[in-house]
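What follows are several structures.
One chain, subunit A, links the two complexes that follow: it is found with subunit B in the first and with subunit C in the second.
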Partner chain A sequence: MTYQFDFSALLPFWRDFADGVWLTLQLSAVSTVLGFVGGALCAIARADGPPWLKRIVGAYVEVIRNTPLLVQIFLVYFGIAVLGLRVDANVAAVLALVVNVVAYTCEIMRAGIESVHKAQIEAAECLGLTRAQIYWHVVLRPAIERVYPALVSQYVLLMLASSICSQISAEELTAVANRIQSDTFRSFETYIVVGLVYLALSFVVRWAFWGFGLLVFTRRRKLGTAL
Partner chain B sequence: MPTFGLGHLWFLVVAAGWTLALSAIAFLGGGLIGFGIALARISDRRWLRAAATAYVQVVQGTPLLILLFMIYFGLAIAGFDQLPALIAAGAGLTVYASGFLGEIWRGCLESVPRTQWEAAECLALTRWQRLTRVILPQAMRIATAPTVGFLVQIVKNTSLASVVGFVELSQAGKLINNSTFQPFTVFIVVAAFYFIICYPLSAWSRGLERRLNVGRR
Partner chain C sequence: MSAVVKLANVHKSFGPVKVLDGVSFEVGRGEVVAMIGQSGSGKSTALRCINALETIEEGAIEVCGHRIHDDTLDKRALRQDVGIVFQSYNLFPHLTALQNVMLAPTCVKKIGRKEAEALGRDCLARVGLAEKAGHYPEQLSGGQQQRVAIARSLAMRPKVMLFDEVTSALDPQLTGEVLKVMEDLARDGMTMILVTHEMGFARRVANTVIYMRQGRIWESLPGSELANPQTAELRDFVGSGL
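Presenting the complex of A and B:
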């Protein structure tokens, strides 16, 4: 193999890479927060809502989980354009990511909610807690604590999946890489560097969630185990 | 401007065939390498375990899009610059599938109780015999449901093969949309194709899970 690796060609572009990383993190953070809230609400609706709502949420989750994110992104991005609205590519990207991750979060949270014992809820009712109190203290918090590891994995995958937003000209890390490799003709080097950056990001995100878990779930036991 | 018609629909049907072909390549290739990874992950040798762990971390920690680009350009540098897009995309998806399948199957192998290994050792079986005669038959029962579930992920992720110039279902949809500009019609039909392929797999996986009841053991 006579190929000469030249990583130094990429050095002048470090600012572009940094901007890409920043946008990737922003897209992922916004989608994670909105996706978590939306997913939790969907899971509650699916567990305790009226039958028609349960069916709608169920269908939504199945449709999203059985179609590719890329097609969902195209549908949102081109669909918005056809409706005559002018929306920034980043907004369309976040919208598509949220629609996607809400479905996955809903499915994970449902497993958590189902794992809360019925007797716990009955006991809470006996103590005269209101519905909202029961949901918050007895159902949701233990449920979230139990599925927290699964949620973290899902959100790390979301961060990696945000690379697909490069396909609709959202200028995140992968889109930056695409542009730089066509400027420098150093394709292989560019994608190796960006791959390593994503790898580092996935570790950082994992550690951040782990630290966040320690702060939020103060009861001293191993996460993800049965209560 | 042309509107979405039967000709376009037929184009999508053919493209769906390519999506299935690519999924099959990714599953077979990924399954073979993934099985090796799963065995390496439970190996006696420390360096082999470390190497397999590193491989899984890298594959699971980088986006598939970047993996595809790296393998596409990497193959070109290695001298294979005339490869058909199917092979380049298939190689990328194989690497991706092997990283995830290896980790899924490692979990299945490890969920067989340790005592089974020990009992087989007492019967003077070699390590290979212990694995193939005692552990694998039990692990395979556990592995079916998650493996079928992961097939859905493979089918969905073949949509990214379009970035290395392979015309599968999503890329076909994008091409049609470029000429007709009816995104709702086109991409809803494309999504419906994916749903028709993936939903039976999801339902099958759920059925297997219920029947084996592995979740509650």
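Presenting the complex of A and C:
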């Protein structure tokens, strides 16, 4: 092997890399928050909604989980255009990521909701709590606590999967890399750097979720139970 | 004595199985009624009907003025008057003992946090667990968890309390500490209906003991008379327990 590594060719582009990282984080953060809220609502609908709603949500979840993300992104992106709307590529990217992650969040949360024993709900009913209060205090909080590790994995995966948004010209980290490697012809070096940056981002995101978990799940913190 | 709880000719089936076959009894204010009988005799179902956890097919139940058999029953209003404690405690695992007790007063009665906390600590003190306020359920013994569950019910200041085999999962020592709390409640004038296998407790504390068999009240007698049953079946049943 006689390949001569030359990382110095990438140095002038550090600002572009930084912009890409920033957009990747923004896309991921917004999609995570919207995906969590949407996923929780879908999970409640699927666990406790009227039969027609259960079927609709169930069908949506199955379609999303059984088609490639790249295809979903194209469908959302071109679908918006067909509808005659003009939206920013980043908005389309977030929309597509949310459509995807809501389905996965829904299934993870549903597992959590179903793990809450019926007797817990009965006890809360007997104390006179309303349905909404029961959902919030007795079902969702312990359910989220239980499936939190699975949710974190899903959202780290979302951050990594956001690289696919480069395909619809959202200028996130991978899109930046694609441009830089065609400018410098230093493809291998470029993707080594980008790979390492994604690795670092994953650690940062996991660490942030871990800290957030300690903050929110008081019992885990006080009893020292692993998160 | 005005009746707080009144059952009149209550019928209930689970599929083809008749669980309650014309049950009628009344419980007056401050009275303690113990329901005993074999498993499957309908005693727990009767108790659950009183709190509208089961629907009935025939007859009438009135609890603190709430008509359980009416379609217009406001279950949440009913449950602010009736407390229930279950065999499996059913504490909320992610909340401390104090938070478990405070949850309903803050959510349902909308009382302020400070006031709710004082109320919560007071209720925990009544069951002898003032110093366990900050503990989570998994850090407590079964007997302590059950006492927290009793405190959680007490915090809503119910007019009637129902106990559904609350000591069945506990060893004799832990059973003793839970029964002591219940005895204190009875002495303070709480109206109580309990399903129990603790014959000694029924005899000592209950004003009335109801012996259920095949979905019917087979025999009803004062607790103090439990050693002298009229029917052969009850004699057989208590024979093993006393």
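What to note about this one:
We take it that the second predicted complex is superposed on the first by the 219 of 227 C-alpha atoms of A that agree within 3 Å, B and C clash if a C-alpha of one lies under 4 Å from a C-alpha of the other, contacts with A are read in each partner's own complex, and residues count from 1 in each chain.
Definition applied: contacts are C-beta pairs under 8 Å (C-beta built on N, C-alpha and C of every residue); 3 or more make two chains touch, one makes a residue touch a chain.
Computed from a predicted structure; not experimentally measured.
After overlaying the two complexes on the shared chain, residue contacts for A:Pro142 are found with subunit C alone; subunit B is out of touch.
Touch criterion not met for A:Thr184: it reaches neither subunit B nor subunit C.
In the superposition on chain A, contact of A:Leu70 is made with subunit B only, not with subunit C. In the superposition on chain A, A:Gln26 makes contact with neither subunit B nor subunit C.
Of the two partner chains placed around the shared chain by superposition, subunit C is the only one that A:Glu125 touches, whereas subunit B remains out of contact.
With both complexes superposed, B is the one of subunit B and subunit C in contact with more subunit A residues. Of all residues in subunit A, those touching subunit B in their complex are 1, 3, 62-63, 65-72, 74-75, 78-79, 81-82, 160-161, 163-164, 166-167, 174, 177, 187-188, 191-192, 194-195, 198-199, 202-203. By the touch rule above, subunit C contacts subunit A in their complex via residues 51, 53, 75-77, 79-80, 82-84, 86, 88, 90-95, 103-104, 107-108, 136, 138-139, 149, 152-153, 156. Of all the residues in subunit A, the ones that touch subunit C in their complex are 117, 119-120, 122-130, 133, 137-138, 141-142, 145, 217-219, 222-223. The residues of subunit B lying in touch with subunit A in their complex are 57-58, 60-67, 69-70, 73-74, 77-79, 152, 156-157, 159-160, 162-163, 170, 173-174, 177, 181-184, 187-188, 190-191, 194-195, 198-199, 202.
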